[in-house]
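Report on the following structure.
Each chain carries a letter (A, B, C and D) given by its place in the written order, and its residues are counted from 1.
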Amino acid sequence: MPKKLSTPLIIVNFKTYLEATGKKAVELAKKAEKVSLETGVSIGVAPQFTDIAAVASATDTPVFAQHVDPIAPGSYTGHVLADAVKEAGAVGTLINHSERRLKLSDIDAIIRVACEKNLVSVVCANNQTVSAAAAALNPDAISIEPPELIGTGIAVSRAKPEVVLDTVKLVREINQKVTVLCGAGISRGEDVAAALRLGAQGVLVASGVVKAKDPYRVLREFAEAAKIQEKQSLEG
Amino acid sequence: MPKKLSTPLIIVNFKTYLEATGKKAVELAKKAEKVSLETGVSIGVAPQFTDIAAVASATDTPVFAQHVDPIAPGSYTGHVLADAVKEAGAVGTLINHSERRLKLSDIDAIIRVACEKNLVSVVCANNQTVSAAAAALNPDAISIEPPELIGTGIAVSRAKPEVVLDTVKLVREINQKVTVLCGAGISRGEDVAAALRLGAQGVLVASGVVKAKDPYRVLREFAEAAKIQEKQSLEG
Amino acid sequence: MPKKLSTPLIIVNFKTYLEATGKKAVELAKKAEKVSLETGVSIGVAPQFTDIAAVASATDTPVFAQHVDPIAPGSYTGHVLADAVKEAGAVGTLINHSERRLKLSDIDAIIRVACEKNLVSVVCANNQTVSAAAAALNPDAISIEPPELIGTGIAVSRAKPEVVLDTVKLVREINQKVTVLCGAGISRGEDVAAALRLGAQGVLVASGVVKAKDPYRVLREFAEAAKIQEKQSLEG
Amino acid sequence: MPKKLSTPLIIVNFKTYLEATGKKAVELAKKAEKVSLETGVSIGVAPQFTDIAAVASATDTPVFAQHVDPIAPGSYTGHVLADAVKEAGAVGTLINHSERRLKLSDIDAIIRVACEKNLVSVVCANNQTVSAAAAALNPDAISIEPPELIGTGIAVSRAKPEVVLDTVKLVREINQKVTVLCGAGISRGEDVAAALRLGAQGVLVASGVVKAKDPYRVLREFAEAAKIQEKQSLEG
């Protein structure tokens, strides 16, 4: 993980929400930066490809691509090149999100490309066994996200704690070094705290922040909860 | 077609070539702009998603996305939203390039989305019947590109003139309004002239320009040839 | 169209319903054969790949594959070869069903392969413009099926008559020879009659027959309705 | 593994070769059965979907599908249902062959479906890390096949022994129970022997047998080599 990406880590996926497109992507990233500076909690953002450069140049917030393709530079039209997202200012990329599922061999190839280009690889997984499989591919991080909870406001860390627990356990058996995040339905500070108590080292969030009336306030709540939980864990 | 996009039209597809990524994408777009200003020939560029905003803000060159997805704003991770490429400054988009082939129903949906967002839709087709099918979907333009000639330097307009002729004929029978371009192997001015003589209204080029030692010189040659041929056609 | 496939034509898509898998596929095909013999109306069936041979050898019912791949014989694992469905006894194939949408260039390639192998090609389309595009590819038949009505029991021919009318009109402008079918929600004889009155030459049905308590009775109702409507049209 | 599938195991992938389609699929399966009876070595065959029933009813050879889809019975047109290949007589299925690569989450889902239906799951993997990932999904078997060697006649077990060795090691660390096969380029008895010496428990072959002048002789050579090597290993 690069310096700015310590755990507990919060990553905000902007998806293709209009509330986080273009100028609004930059504004939201600035709010994330503010919360990170105020709380000391690491917060990354994953805007659309077209917004990576603007977000990366306007803020110090670590920027992730939402996807890259398993390709080298060359004759690929309409593809996303790791070199290009890197030059635009990204420090990492999401891979295999439930809304952009990939072939197993492509996930493997993308993790290699990301590693070569020094991009942090965050592989999303829809359940425990898929998380375990992803761990064998040596990404930097895995985010377990049960697709049925995405966008519901029902937090994985509270509605399906066993999914997070099992994932942490299975992933650890295969790979000690990978960072484990969880996501889906995270919408309150206590959801974040619950995630950390279950062994996750951070959260991947989207609508809970992007669609919130006051994204700054929500992110601040998330970061505070993460900070307090982290402190309790270290003391406990 | 928007004002800046008159025919004959040259579109340069930057693909994921490193020679046309990041800063180099902006430099190449500036060369295209220079040639367009010097010759009066319309030249568009299709950089990677991450470079659309920089190219559009640094030049007056009409910018095309290389692809957009058939989606509305919302929960789509790693997708390309028409609204986002529009806000980044694009005036149009390639659709269904041979290196990014799409489902028929998705091409139909993307053309609709492009139309709603006032983006020029350029559908690529691999042969004559596919061009005819694409014409029935009412895009702004169709580019016929035999995939076996892409990147070879053997120009479609000279090696397979019947493909261009047939495409123009079949497309015209179905749709009078669509602009017909051709591409694949275009590398010299005479290839461009030959394309226009066959009834194409422009060319879609990539490696012939991007990988050239002197892209400015090649583009200038293309534009001059297009201009002369256009003049001869009007007089003839 | 081969001899056994006259219009009006009813094709029953068995999908992957257990009610039409294995032995039950053969039983259902025999019911279709019985109705066809009794009424003189042409009825085809589209069982799963694994059931094509058994259905084709046990009945005289014309058998369609539900899909074939755009490939020649060779190194393709897990693909469906036109030669193989032909040797198994199929006389045609569905292409691009809403539940198996295909790339435009692949639809074009599959129609060519089907034509070479003397297989009747039935391209499914989700709306009018896609139907028109499909017509330009010269298939034997097109079936318009609005996906939102599939499996609902709300018949396209009664809920969206304009979709069928427009499709017939647009397809005819591009291609005089193609047979036009319609599908989605067809569950009663009057739905079939309505389809024919709108200019369709037959119907593509699935759950309305396969999931019926008495598939024979439903098919018989469909065939009778088709026969009466056909007679009225000829007299009218 | 069902009774007929002991190790060392040879699986012959018929792909979409005309030499192994329709009647010729049955003939080739009979040769495999003959060799298996003569040598006592377990030999499975993976014919096309359309040929599964005929092969399974004409021989005692264990039959594998080349692919199944991650679906339950229902509204899926052109898909391959586990229940259907099972009823047709298959005892297992290949999954994720290099010529039919699948999404990670789909491989996971297919393995579950196969397990429920009591079908032996053989997941193909293109390299060592992908093999390790597949092992975490608990299939019955994994076959490591470097795609660049498929169909070349250059055996993986001789040209890239480290790939087989690493795969066996990595897979064993994650999953003790999974059977490890290897494939690509296997064309002589010594290739099979080499594979077993490296720790593989069998081979997945295709053109080396299917395209051979005398498939019976080649399969016999493979089986003899496997038998001798197995004996030496037990004694050694």
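Things to note:
Note that in this section a residue touches a chain if its C-beta (ideal position, glycine included) is under 8 Å from a C-beta of that chain, and two chains touch if they have at least 3 such contacts.
Only a predicted model underlies this, so the values are computations on that prediction, with no experimental measurement involved.
Of all chains, the one whose mean C-alpha position sits at the greatest distance from that of chain C is A. Taking each chain's centre as the mean of its C-alpha atoms, chain A lies 46 Å from chain C.
Averaging C-alpha coordinates per chain places the centre of chain A 35 Å away from that of chain B. Residue numbers of chain D whose C-beta contacts span two or more other chains: none are found. By the contact rule set out at the top, the touching chain pairs are A-B, A-D, B-C, C-D.
Taken in their complex, chain D has these residues touching chain A: 96, 101-108, 125-127, 129-130, 132-138, 170, 174.
Here chain B touches chain A in the complex through residues 13, 15-18, 21-23, 46, 48-54, 65-67, 71, 73-81, 83-85, 87-88, 94, 97-100, 150-151, 206-207, going by the rule given at the top.
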